[in-house]
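Reviewing the structure listed below.
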């Protein structure tokens, strides 16, 4: 099977400061990869660079299009970058308020990407939006309510629906469950797990939570100080960590 | 005290004409221009007046309407302003005018190729209420990325059961640029499409000009299952009996008695004169 | 005709280096050679601390070997899991290598039936068929039907273990690694498991397992593989 995303030697510096340094990995279709590390380890910088929201200081990110051709993200025009973000990618932010349009209804939030793709049938948009609200366990009767009237967990589920409604091939997620109650987290993780399986999504998820990585990701990348210190099968990294930092990270997890 | 012809200095007029030529060349595209201080406040038509000043020649015949009427304060003052600073002839008759400056209406009488319509525009950016960042709206225009506009129409239907936007109804000009038609009632939107007259739009405060050249295709946005529709009245004009014109609802006494009359005063009086003849 | 060789360990060693315990090194496996054929059931024997569970985890690539090779027959070609890429390991696990541990790693909110059906879905079996077969297996393992729609986190230890066995055995994979799958089962259910293993073997699967219960061991083993604890270096 060939990769969907190919990251080679990617660095991103902020002036003299290192965001991330010399990171390489591949992502295959249908695969969820977790990037773990503490805050400040460079995982969000890496995610944003790979998602073409930041430009790399060095290295390359390539994406395989539906027609099989490789796209070098650095050579992408703004128009193509946006088209990709709109039609083939999704981005779920940590704070749902950053990813949602708060001044329009839940239904419009879900339907927006479809309209951006040119869907112009109102009833159809409504039906799809209702279906997706149901899928993310939001009462469809709340379709016309403002997202501001939703709880944090509901807002995050709404953002997931809004992002996945166009069935993107590749989704980037930045700590989608951080800042939520543990019970709410479990629900969202389960939802993501199910949707990733059902839709055959490929995803890169940033998390500081090793339990999240174990639950969702077959492969994991451990970052420290902007560098990848260990990478491989998630269960291998968590059960038989090799790098001193990973051993520390794993032994620091509170187990219940 | 004397002024330069049509108030503005020649350099300013040249700058405006260049901007207008660019606007005509790229239908619907908002061209930035160096908007000048005018002897009236923003919101009173400073954009429209600057466009008019740049276009007027000594032989032009100027008509100014405000909400369709030639006799409101704003219309009267602008007309008087230009007769003073440019000594041009003015008229209230649509058919006689070579240049019509308008606030919020398009005349009912069909326009001709030798006429220019100048709109006063308070907010040239149709995406503004949804996207406050100018850099972002400009990018969206550059990429023709207009899904956002349908979000607003979607919200209308979700809230009111139909597209409730009744004025400043967004249009797509020449299949390319999403454009604000200025706050004309959507009743007037069909008159924008393939109009023989040149249509120019000026936003003084926002410092933008744009144009719809003659015979340009102008499409009002809609959904397949909620097509664009114009307002309809159960009434006819109580003065001229017209059933096809845009009607204003006027309260005529302290007891709340209402009547419906044509908003276009020239059209209405013309019909009444015809009926008497 | 001799049965096909399915798994071959060559000079396999595993030690753990604990960076935060002053670089302590734990040697658990050294120089293990093992060959496993289709239809066999080899049971690892030896005292606790002999590295039996570690060996299974190294074979499953849950642990990385420190030295040596883990050759697995996958689609009629040989892959050394000690050198395989993560994607290759995942592919081998999906279709060739099954691992049943003592404990079910519970996924919150997922019903027992779906947990059992999942390996079939991953192999491309359609959903109704996968669920039907999951139900059949759970029924054989005496997991009451009223529990199928519930997440197993609330089940008893024995019930969880049976869900775990069902999940491990449902998709017939050529190599089965079993780490005390019957530890908390009653006699009746042990019999079912012994029966299931016999069927798997008859079907050509190779089984490598740990069974502490001697009765169970005698019933399922075709051969024992003795192991000894290494002294800490």
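Read from first to last, the chains carry the letters A, B and C; within each, the first residue is number 1.
FYI, a residue touches a chain if its C-beta (ideal position, glycine included) is under 8 Å from a C-beta of that chain, and two chains touch if they have at least 3 such contacts.
In this text the structure is predicted, and so the values were computed from the model without any measurement.
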Field: Both-way neighbours, i.e. chains that touch subunit B and touch subunit A
entry: none
- request: Could you say which chain's mean Cα position falls nearest to the mean Cα position of the entire protein shown?
  value: A
Query: For subunit C, which other chain has the most distant CA centre?
result: B
Message: Roughly how far is subunit A from subunit B, centre to centre by C-alpha average, rounded to an integer in Å?
response: 46
Averaged-CA centre spacing for the pair subunit C and subunit A, given as whole angstrom: 32
- request: Mind checking the centre-to-centre distance between subunit B and subunit C? Centres are C-alpha means, answer in whole Å.
  value: 77
Query: Once bound in the complex, which stretches of subunit A touch subunit C?
result: 1, 28, 186-187, 189-190, 193, 197, 214-215, 218-219, 232-233, 235-236, 239-240, 242-244, 247-248, 251
- line: subunit A residues touching subunit B in their complex are 78-79, 82, 86, 101, 103-105, 107-108, 111-113, 115-118, 120-126, 143-144
Partner subunit A, residues of subunit C touching it in the complex: 16-20, 57, 61-64, 86-87, 89-90, 105, 107-110, 121
Query: Residues of subunit B touching subunit A in their complex?
result: 130, 139, 142-143, 145, 147-148, 150-152, 154-155, 157-159, 222-226
